[in-house]
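Going in written order, the chains are labelled A, B, C and D, and every chain counts its residues from 1.
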Amino acid sequence: MAGSTFGNIFKVTTWGESHGRGVGVIVDGCPAGLELDEKTVQQYLNRRKPGQTRYSTPRKEEDLVEIQSGIFEGKTTGTPISMVVYNKTQRSSDYSEIAQYYRPGHADYTFDQKYGFRDYRGGGRSSGRETIGRVAAGAVAEELLKSMGITVQAYTRSIGGIAIDPGRADLADIMKSPLYMPDLEASDRAEILLENKMNEQDSVGGIIECMVKGMPAGVGEPVFEKLDANLAKAVMSIGAVKGVEIGDGFAAADSFGSQDNDGFRKDDTGNIIKSTNHAGGILGGISDGSDIILRAAIKPTPSIARTQKTVNRNGEEIEISIKGRHDPIIVPRAVVVVESMTAICVLDMLLVAMTSRVELIKKFWDR
Amino acid sequence: MAGSTFGNIFKVTTWGESHGRGVGVIVDGCPAGLELDEKTVQQYLNRRKPGQTRYSTPRKEEDLVEIQSGIFEGKTTGTPISMVVYNKTQRSSDYSEIAQYYRPGHADYTFDQKYGFRDYRGGGRSSGRETIGRVAAGAVAEELLKSMGITVQAYTRSIGGIAIDPGRADLADIMKSPLYMPDLEASDRAEILLENKMNEQDSVGGIIECMVKGMPAGVGEPVFEKLDANLAKAVMSIGAVKGVEIGDGFAAADSFGSQDNDGFRKDDTGNIIKSTNHAGGILGGISDGSDIILRAAIKPTPSIARTQKTVNRNGEEIEISIKGRHDPIIVPRAVVVVESMTAICVLDMLLVAMTSRVELIKKFWDR
Amino acid sequence: MAGSTFGNIFKVTTWGESHGRGVGVIVDGCPAGLELDEKTVQQYLNRRKPGQTRYSTPRKEEDLVEIQSGIFEGKTTGTPISMVVYNKTQRSSDYSEIAQYYRPGHADYTFDQKYGFRDYRGGGRSSGRETIGRVAAGAVAEELLKSMGITVQAYTRSIGGIAIDPGRADLADIMKSPLYMPDLEASDRAEILLENKMNEQDSVGGIIECMVKGMPAGVGEPVFEKLDANLAKAVMSIGAVKGVEIGDGFAAADSFGSQDNDGFRKDDTGNIIKSTNHAGGILGGISDGSDIILRAAIKPTPSIARTQKTVNRNGEEIEISIKGRHDPIIVPRAVVVVESMTAICVLDMLLVAMTSRVELIKKFWDR
Amino acid sequence: MAGSTFGNIFKVTTWGESHGRGVGVIVDGCPAGLELDEKTVQQYLNRRKPGQTRYSTPRKEEDLVEIQSGIFEGKTTGTPISMVVYNKTQRSSDYSEIAQYYRPGHADYTFDQKYGFRDYRGGGRSSGRETIGRVAAGAVAEELLKSMGITVQAYTRSIGGIAIDPGRADLADIMKSPLYMPDLEASDRAEILLENKMNEQDSVGGIIECMVKGMPAGVGEPVFEKLDANLAKAVMSIGAVKGVEIGDGFAAADSFGSQDNDGFRKDDTGNIIKSTNHAGGILGGISDGSDIILRAAIKPTPSIARTQKTVNRNGEEIEISIKGRHDPIIVPRAVVVVESMTAICVLDMLLVAMTSRVELIKKFWDR
């Protein structure tokens, strides 16, 4: 079990390495009848494409997606959707040196320990390019959710400690910020920090936040397959994520019951809603009908030009300085990845939740 | 898929409600030949038993475990280990009122939305008693890991914002603190905070930390089944957990690459080790041989005596005050649950990791 | 992965050995709202109880089922249904000799090879008593299917080569035959064969047939999770089953396309139906709306009193004669087991099939 | 869950339709260090290629495989192996008529019922071309098994009732027969039958047998994940398979215990072996060290030129004659598919079986 598959019903399997022929994904279990084409998927992929701003590597990667199966006459057929992005730039020479030593903060050492050797070119399977498959699959999930009135949106919440001011943030501004921060003032300050750190040959971490709006209540299973448990796995499975929280998250640990509990009330139409949303839209592992809110902590880019101490494969202690231009921050390009994993997970659990009640199952089959 | 099973090889399935005949667990896939008896499992269960300190409900629950299958002549046989704790105190009358309204912070509303009705007695399936099965299974996992030189230990890191001082903390002191805090000075201060909050009819949250020592490198799969991703799911699946982090976790988001990267060096015996452990023992989803460190944010007990606003099943807005004695804090009793889920997850991934290399597989079967 | 769980959504996990405290099952993923009580489940279990006819062991086993969780106010709650049958007669002395040698046709040798030792009492985990859990779970599945108008019925098709005459068979007669053969004339002849073989200290095999009526079209997934593939696994997982076939089965291999193809036509109400049913109700792995028909080949009881050659655990060649009264035929008691596994599998695939079409998913959630 | 994935540890996911861009497979969980290249995989694929004999469609399909990931420096890396065969001949015009009606014996009707519409070109996902992915994955599995001394070999056992004579059959002759029958005399007679049926515009079924040699004892799990249960699913999941049997299979149902039981004895080297192999190498779901033997019943090709009655999508009864040249028999080309699914399943269960014993697990990690 190399664990390249995620999901129970809506199953996503990614494949490919940074410097192989390409990277791709199989989406198995996408329901039939969703309108889908390459152009739509491409729009999602473009959000993680490098070379868009000066904070991402200037490598030119077109990352054009091809859909190879599962679509007929413009609609999903219910069979596996295979999507591939062929690798164009494969300057393996850049990476020959890496084969010899273990980069701090990377998976070089653990791959060698696990497999006995590794494809050292560009990080191989642990390259950020693996997330192309996730985003392509996420595009399918988001489009399906959207058709049901459910939207998923991620953005940058903080960079190197500079956080958005929720009072000032406007989700409509996300695409105006090169860092995808919905608070443009914070975005400006974060840019300055990034400049400084780039000059210091250093890198910066940050926090991504994701919201799911229009979510029906009743999605998620009550014990191990809680919606929040699966979201935690989905998001933590993204490279560089070191923490996940739902709703108030770690702040809830410093809080009191009288503050943290969300009371219920009636809205104008008589529906039951929560007065507040400290829980982040999930109670007992099941969606409660309010917005789902999660946050992911992203560590700084481990590839830095600054001199670092490490060892080589022979176990000799050496000093290294990682060559090549690398993103000084992972966060902006990871925003759409967090959004994608959230969408995949939410859709999967939504499909699972259709089997919870005898009366609804009977009604379904009595068509 | 009600999702009551966790794990790929070492599979844990819990069952039971707070006020049914009992709660239990099936451990399927435990390897044959592990020495195990009820007394050993009981020691783990005693750590979550209520009524041990004044910070937990005075309900007297003996919680005596019976092993019903899977053991022969004192050893596991490789077949399912069924363990049960029969419910003794089932004062259902206490809970009749709850049937009518939705308690803030509880799963009452979401269960009703999902299933159309719910077993309202004592929280039913979302009761804390469900974790008895997790701890019994965790006992099996921990005993097996221990026999391989791997230890798992959880403790309280902070309560209501009062955190242990790592410099002062001594893991040997954990059991001396009624709150399982390894820093007795912090423990004393946390007790005072708890007293105050109990007087105010309020409750408190906190953070649990868990360490895995003696972990071999190479455990965890590189993409969706990352060791940290599975740990995040395992721990987030515990009721009341609102966040999970590995190593530096959310602090890494405010950090820089030059700080966060862990350099490699040689130890006295010539083995490769990391100089620091900001990563928390996992790189690229795979264990790196250093200690695994994770933290879980636990929300305050939602059941508080203080008056709260909510609605009843008819959608009428009401005010409630939750009767009965409830733990003013979930953290101390959840410590062993976090430890159990960590042990279950680590063992499961360790078994999966045996299938990573052709040469080792050949050697295994050439016995 | 000891593999004690079956199913994707409707998940069945059995536990227990012949001579442990009991045998049981967890049904996880049963939808909420099904009326269910112990009396109903007991009726299914009574059909596999020993001591009912002279063709089954005279051991008195009451096999009374207890439901321990998952039911509230007479209905399933959607949470795990734990059911147990405690073992009453545990005359372990009968089995002490078996510990020393490998019975032909039994799993003694393979358990020892796999696990290093085995619980030798009464077959341990490979005992026929394991099927109690399957039948209890099958009862739940059948009751749910029945509420949707889908019936599952198994019966004996042949014993030692004596087969029912389809023209003469009447499913209403099944319970009139001590061998559960719907053709009473064939049943009489099979009884005479059984008498003879019992006198010769020998045992007999046979074939069980199972029909599913009222099945909607569209159930089953098109590639690896074909309905017939899962039925084959479900039924072949029953001890002593050596073959499974669907529709014409092995006879189709000797047939020609012009004979084997089922043409489509319209019925009186204008619905599309098949003119014949050589396919056994499944085309391309998906139910076609006609009856599902499968057959299972059951080997003769391996425990026979006649002298047999084998080896003991020390590898010495010996002659044995298996003591105790054993069923001279497995078939009659396995009928309800085949029916149960069929029901579990069909229900599981029916729940999975709810997620195949976008338009139906939208309609479901637009409630 | 469209169910396009097979396996627990060695996971195989196929994708693609007959007339899309191509068909392919992801093998996830292949251990690192296996020597593998496209040439090796191609040899397996060539065995199912059409146009090899006059009994298969004269369509020229090169079916050249490309490995897109998972190999580095000639060896598997432990990461997903993506393999693709691009479709070359896509004469969709041939199939436009099929869109309008339901072919008897095909999945046209059931796909429409399940998904609301279907990709009607060449059978879409239920096309025989889907098995290209299975064979490519089977090649990987067989190569790995071979490196461990385990061989898997399938061949034709009977065609239209003409069976090989086991006394005369020689496995070395398989490739000399255009029908892959190891008894050349039977092969000659089967060819005559095929000629006759082709002249009659009809098609023929048959039986494929598969043997696994060099199998260690102890593989397979004792309850639902029995080795034979998984083999039954693996093989029944191949289109056109209507029955599966292990060892004596359905003949065991007509047999007696004294005949069917396999006694144990010592071989010349003192090892315990079975004197006979009626069980087909599996006892209690676990391999017993003797050869594994299974058989699959294959129905006649459903596409026949002879006039057939059916209905169109409007429900009107019509007569059709299926145009184009179709294989008059599926069996020869399916031989390598049965072999592939057997290899995939056996390897997967062999990897799972590494986690059965504490002592062996400890030894593994004490490296």
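Descriptive notes on the structure:
Here, contacts are C-beta pairs under 8 Å (C-beta built on N, C-alpha and C of every residue); 3 or more make two chains touch, one makes a residue touch a chain.
Model, not experiment: these values are computed from the prediction.
In terms of C-beta pairs in contact, the better-connected of the chain pairs A-C and A-B is A-B. Taking the mean of C-alpha positions as each chain's centre, the chain lying farthest from the centre of chain D is B. Each chain gets a centre from the mean of its Cα atoms; for chain A and chain B, those two points are 26 Å apart. With centres set at the average Cα position, the gap from chain B to chain C is 38 Å.
Here the CA centre of chain A is 44 Å from the CA centre of chain C. Across the assembly, chain A contributes 1-5, 8-9, 14, 29, 32-33, 78-79, 114-116, 125, 222, 352, 355-357, 359 as residues in contact with two or more other chains.
Listed in rising order, the residues of chain C touching chain D in the complex are 1-6, 8, 12, 14, 102, 104-107, 109-111, 113-116, 125-126, 130, 158, 160-161, 197, 200, 202-207, 217-226, 228-237, 239, 242-266, 270, 272, 275, 279-280, 282-289, 297-304, 306, 308-311, 315, 317, 352-353, 355-357, 359. Those residues of chain D lying in contact with chain A across their complex are 1-5, 8-9, 11, 13-17, 20-24, 26, 28-30, 32-33, 66, 68-70, 72-73, 75, 77-82, 84, 114-119, 124-125.
Here chain D touches chain B in the complex through residues 8-9, 29, 31-34, 76, 78-79, 144, 147-148, 216, 222, 350-352, 354-362, 364-365, 367, going by the rule given at the top.
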